[in-house]
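All chains are identified by letter, namely A, B and C, in their written order; residue positions are counted from 1 within each chain.
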């Protein structure tokens, strides 16, 4: 049984300026599959509709993955093998295509909807991780916390985006074995950017998962929005979205 | 339904993202008296406003350092100083122009570590009135090949007519970011503008495209370029 | 017995010939004369032989060559020689109607706050230009500074000792002890831009409050104000008279009245700059208030000056008029609309001023509403605000 804990808060810096939150997320479960998607709209002057872009991105991820799972519903291991080979490219292209199509129904200015997208699909047998742009996909076991797909981190404030002409070329994916007693965290970069270094961030991921084991998912879920608000306030000031899937 | 407890936030210490600002000053003999005097005055005068801007931007931690070069190079500030604690000690001028040496020191400071990959793009302001006297090219190439070297916002202020504009353009990568100060007023103005670059480093940009990585207010840069031609016709000294 | 006789001709390096008209005065380093050339009048400072050194000559030459930072400076324009070893320099004549800051301090000039603030601003702006040239002044004092009592235009004089402070060429003239930065008084430093900023803060305090910021109880307790006492008062043991953390040097009523009277007249943002200047600024030269900060505060002060109906200039609206103690007009009444704690639909006006209001009920009953108390808004009632009118509710 996978429990999902999630919260998304508007960045303290955005609140100061009266801007809206640019993050969007989705977390769904069907059968024994858990689907998580998190998107961070660029929110700059050249991307005024990035919140809408982020909303669309998570919607598209969910739709595309649900479709694949429907196609391979009786053969999860075949799906796993396919994704490990050429399937992940196909998924990446499908997501890019679908998203761009939907955006162009609203406007011809695709760049104005620019957003990142992180996705994670968990099954009892395997996980599929998808990354386009900044953010974190972490696997946390009892004593270790590590990135599932290490991003080609764009330093500073630049990031890869769905609005790029060849967006799918910049998508990184990974298929891995799901382990028992493990938690998975998907977060926008406002989270990690609030900690001084990687060590601090890893310790934090471990602490959050320890809190779940000690106090239960419901309690952590109830406290999470406050914790993330504090994190944004004392840290990066950015929008923060964190989803924890606890196996 | 059990009561849900209010818990203390798990995890480590929080920190805003560091924003490194580096004054890189040519202290060669030719900067003596009036030029270095104006630089000393002008940089000190920027501190209260940088402090103000930092207070209005609490999610970036503004850290300032000074690197001086003449015969050899050295960090005037041994470690980055938070803007709240930053004070200016007057630089004096004497010696040649070992810019390569300075670039080497800069490289060491922009490496990861000591830089974190969570930092905001650093801002480097290079002030020079002449030609490098050492072999600066290999050092510059190595700097620009580094991740933070590439991403840093690099501004240059050319002081007087003997400054080597080509070298400065190689440093900044864009000719618009080489500001020419032909007299004292222009120099003061340009140093003031450069000090505001830190607050411009926050708008996100899309990577993988052709345009460069951070959004500096290019309108303001263009206006400043216009200002430099005004400056050169007004006051007495032309260097 | 003057150095130069009336009618003598002198040659300037510029090629001009000047005729000495009359002696205007003398100072520590030389004498000042009125001279004429081609029908124009100028001033000449002619050095005593003792001060006609090569070093001084080079200094003046440099100033003439660099040019004046700003029209506010009475600057060396030309160097003049005679057949003796001495030399001097030519500068513009100071207009006769200008008053010095000494005149201001002795109440021989009584400019309005508006003029005074403008003069202060212009002085700061002048020094800023000097510093931008890389120079330091070193000798900021009352006797060197003049202002037009009607317009606030300023003239900064005695600029022959301005130079670029650096290790090889420390400045030759040290300022007046009362204006000197503590680090100079105790002999730890020589004049520089940062010491100028300290002197500037002292000057501004004196101009705006007609009193010295370090002269409080400590000063009145000093029986013999000799060199050692001054070393402590202005140097090693300097304490601001309004230091928020130390009351040891507070102004003494009856002796230091100007400080007591004028301090509260100025808005908080001005007082804050002074406090910083004479707490942190005493020991940390690099953290002194910059010219940019002074200019911003003085401009803001100048813009905020209004007039009370009694004719006095008001510097901050939140206080009653210092002259007639009237609270300002109804437009500026200090009140807050508040809700009754038990019934949020009942509203009242809270008296946020320092004067007691009078609440007059519809039936004529009068009830005083002291500062801090609230008067209910009821039909037919009337509130009188101090002496300046009231409103009908």
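Side notes on the structure shown:
Here is the rule we use: contacts are C-beta pairs under 8 Å (C-beta built on N, C-alpha and C of every residue); 3 or more make two chains touch, one makes a residue touch a chain.
Computed from a predicted structure; not experimentally measured.
The interface with the greater number of C-beta contacts, when B-C is set against A-B, is A-B. Centrality by C-alpha centroid: the chain sitting nearest the overall protein C-alpha mean is B. Centre-to-centre separation between subunit A and subunit C, using Cα means, comes to 61 Å.
Separation between the centroids of subunit A and subunit B, computed from CA atoms only, is 35 Å. Contacts from subunit C toward subunit B in the complex involve residues 66-67, 131-135, 164, 166-167, 192-193, 284, 286-287, 290-293.
Residues of subunit B that touch subunit A in their complex: 4-7, 9-17, 57-60, 116-121, 147-148, 151, 201-209, 213-215. Residues 12-13, 42-45, 47, 111, 114, 153-161, 163-164, 166, 170, 192-201, 203-205, 207-208, 210-211, 215, 218-220, 222-223, 226-227, 230-231, 234-238 of subunit A are the ones touching subunit B in the complex. Subunit B meets subunit C in the complex at residues 33-38, 40-42, 44-45, 47-49, 87-90, 92, 184-185, 188, 236-237.
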